[in-house]
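What follows is a group of structures, each given as structure tokens.
Shared between the two complexes below is chain A, which pairs with chain B and chain C, respectively.
Entry: the complex of A and B
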């Protein structure tokens, strides 16, 4: 056996010591991290234990004398742990208990602290502060919250958007415009999530209509998509012409689908024809199916006729979607029953409606088809 | 020729080979393990932001939101009579505003359909299933619950394999988003809410997401729900827990952060339906169909110049039973590696091709050099060490030192992954489980690692020889067969 290791790899023993030391350190970190978290939880639990009954009483609206609220407001030992517990509880209650919890936060100076924390260097602190201020539902804080929609941290922007939504219509139209702007991606960072923005704009009600109308012309597909969904959901009639344009010509397929579905909600009889045109074979399958669903929402003879025409289409997904959409209205149900009984109807059309009719029967009667 | 004539020559060869490969092997070994450490760093960044984002986005509000996209869960099943009812019930009761389940019985020879029929009071309907994707099998019948309201469809078909069953499920699905789930897997109650968040957040660009797969062996399961994660009792599943943690949770989160995720597990993946139809669905001839389909999606969308995203979400958990015997594990690993090789070979044109962005320039080369070749190098390295020892050309203390450094670094990587897990998701709450995981991180390197390297090579070799791939049966103990299971 050779006596000496290759000289070129002689440093391995030092590497081994380094690796072993790091392994031990990591194992210790795992164990210590678990101990630290368990201790922290226990400490918070013990600090809040004397106040738990008061918290529950205020949260449940059972503090008629106001003594529990007063004790919570005056307590200084539980510090920020109590503030956080009140904020957590505030997310779960409405009405008088929520008002009482807000007054507890105000008396504990938590609002002033939160406003100061909006300028903190820590994104976690800024997010918590924004959340606290949002839960107060105080229109006087609108500007503070709207400003946070431009925060450098994505998480803070999300909280700010939700908080603006919590203010409701009192936040005003400019807040809606800021929310839509925040949907845009910033370099590699994603914007405010579409569903959060949609929820917020819906909460702002008619105040968001001008911003939504403008959003439909935005250069960012994500913004147009959010605006289209909100326009449909909130029944913003002024958006209908632009929605029709987007449904027919937007370069982004998802935006076309959202705009078409929105037209199904907000559209009028005059919109049936442009939607029916989207059933044409040259259109993308997803847009055609969205058009079928939209026509099902709109209803009316013209819409029903257009949907019946595609029951025999080569795109069988479209045919089945049309049959399902038809089943949503009495007029449509009559039409598909007529197709199923018509010996001259294309076999493919009859095939598309057969299963839908059976499902209708099952729902109506609760009895089996076979 | 006598051994005395051969041995000196062989010694010379081994000495030359060792001298030639010692540095390349060392560099390779440092690179592969350092890449894992980089992934851990990227995953840490991803998890922290994910957890904050989930906390701030309002999970409760999402459940009631009208803006979340409808989802269809596609569940291929083959001879799953033992647990299918519980599994479907569990899927139907997931928290999500609009989801339905399409189960595809792939010609089971047991009572899979019979038990479903009885449990859900199924009746046959003449529902037409569109042919958006070509399907080899013949559809025998379509069934729905008699009440007409439970969002469940069961399709019976002739046996044609998992991929074909999934393609049929895609055809039958009504949701814009499709979630593929294995029938024997258990999803966390909020798994659908969380794994679809990227689609709800960025609907115009997101095309696929994947959730994390963890080992369910040993955990407490009640009524189809995993209520307490626990470490398995058996050694092989224990090691797989830490292996999945490092490779699936951390590795994929790292790739996702880099924007070059090329693999979403077939046991729990979400895809936009229209994209799957565009690319032709799952390849029924591929043994690594989950890898292959995502590579095809990347190829298609990059060629069309579309702006799109594929993301891994570390939190929603799909719990699955991992192999507990060496025989089953061997088949699984051989199949995985064969699928890896066949897919990489099929898409070799993407390698270092700037047209495919980070996928072509980063992910594909990495998978070639560090996923495909790793078991070969590991095995050849071990062979050389053994030969060197036998032929007396290696210093024994030095050989031991080398192995300790090699496997010590591997243990370090696993411990780093465990540290990240402990600081983020912390699924295993018991101290006993933590201790078992620490031991498993060490045990993985003693025998298990070498065996799996050998099995992976077998899979690769079988493919090179053109051997026909047989899926075989994954023998399962069942999620009610171990401690704590009810």
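Entry: the complex of A and C
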């Protein structure tokens, strides 16, 4: 037997030194890049300083003579830095100042520049150009924006979806269909996030109704989910029958939850019974809670009775959701007060309504104090 | 007026100054609270999401201080959900404006609040 040489310790020392050197190098890179960014920002600030007052005057709506607007439009020294400053300001104001900033951008040929940049290799430049075109809120640019919904970069697709939304109903029904298609995952990359697509479709208003109705039958669960949520939020009554089917039978739980919640907004009295069936113990907890919320929205005696029945449920979260939903209507509030006073009521039911009643009392006290 | 965004701060300062108000601008919540305590203004326009102390935190401190009881507070924020608005008003805001905002509307709201309080 020979003793093992202390190679492992020396090796560990080398690794440790290597890691330390790497950390120092990384820290230096971070510091240097921050310094570079700060310097660049300062340079831009100085370059824009002579135009700052004009920029603010237009942004604040304090340029009645139009002279500041004209100086900004004609300036060629500040170049893209000024374009970006105008775009940044445009994201912060609305009304006449926003219209004036748009006219500055147009006069500075920003549309052509942004359109050219849509084909750039850099995803940052494509995203920036998409954002600029969206901020112009010009329906004539819808096609350019819709095309970017198919961009290879997820970030650009998100910016494109938001920009289409900024156009509002004037974007038209085919834009809505494109936004819904963009929700689908592609080549292992995720589609446009559901919340972004929902926001956009909601902004498109009634123009999105045909696409949303079709989306409820899409093979992609993500698309059905977004369509269901938008149908409820936008009060698309034509979607109610399909929402009832999805709430009861869709293979995807998330879709069932969205469809059930949507029925709370667009459901009819006839939908109370099928929604109440979704409170059954064998249903997934998330669907049961969604059903309680929907019944709270719809109201009526049958809905109140169904919600009172689950106040004693083993799922405390469902019981509390139900108590909260009941508190939305006078009828429901009477029901939970009755439960709180009923000595024979299950302790779980009394506990579920106690918190909600406290909240109601606090709210009433607050109103009284005002 | 407190906002960590230079553009918003300068815009609001310019617009309110042009409308005849004297404006003191701060870049964060801590500075804003110090300024409000040092010399209570008639009205404070506060951004909600600021480093250090948020606009809601500043509002809470202002409402808890008897000496600042009369200070009117307008929240100017990008937080647009109903729950955010509820939180703003329930903390004691006198008005709530969502970004992107109309500078002209801000002036109208400030002017209405100030004249009603006098």
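By definition in this document, the second predicted complex is superposed on the first by the 325 of 370 C-alpha atoms of A that agree within 3 Å, B and C clash if a C-alpha of one lies under 4 Å from a C-alpha of the other, contacts with A are read in each partner's own complex, and residues count from 1 in each chain.
Keep in mind that, in the parts below, contacts are C-beta pairs under 8 Å (C-beta built on N, C-alpha and C of every residue); 3 or more make two chains touch, one makes a residue touch a chain.
Since we're looking at a predicted model, the values are computed, not measured.
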Which of chain B and chain C A:334 touches, first, second, both or neither: neither
Partner chain in contact with A:158 - chain B first, chain C second, else both or neither: first
First (chain B), second (chain C), both or neither touched by A:43: neither
Which superposed partner A:252 touches (first chain B, second chain C, both, neither): first
Of chain C and chain B, partner touching more chain A residues: B
Partner chain(s) touched by A:131 [first = chain B, second = chain C, both, neither]: first
Contacts of A:60 with chain B and chain C, given as first, second, both or neither: second
Chain B versus chain C as contact partner of A:120, first or second or both or neither: neither
Shared contact residues on chain A - chain B and chain C: none
Contact set on chain C toward chain A in their complex: 5, 7-8, 10-11, 14-15, 18, 99-105
Complex interface listing, chain B residues touching chain A: 19, 22-23, 26, 49, 52-53, 56-58, 61-62, 65-68, 123-128, 130-132, 142, 144, 146-149, 171, 174, 197, 200-205, 274, 277, 392-398, 401-402, 404-405, 408-409, 411-412, 415-416, 418-419, 422-423, 426, 431, 434, 438
In the complex, chain A residues that touch chain C: 52, 56-57, 59-62, 88-89, 91-98
For the chain A and chain B complex, residues of the former touching the latter: 1-6, 8-9, 12-13, 15-16, 19-20, 22-23, 26-27, 29-31, 33-34, 37, 123-124, 127, 131, 154-155, 158-159, 162, 190, 193-196, 198-199, 221-222, 225, 229, 233, 252-255, 258, 284-286, 315-317, 319-320, 324, 351-352, 354-356, 358-364, 366-370
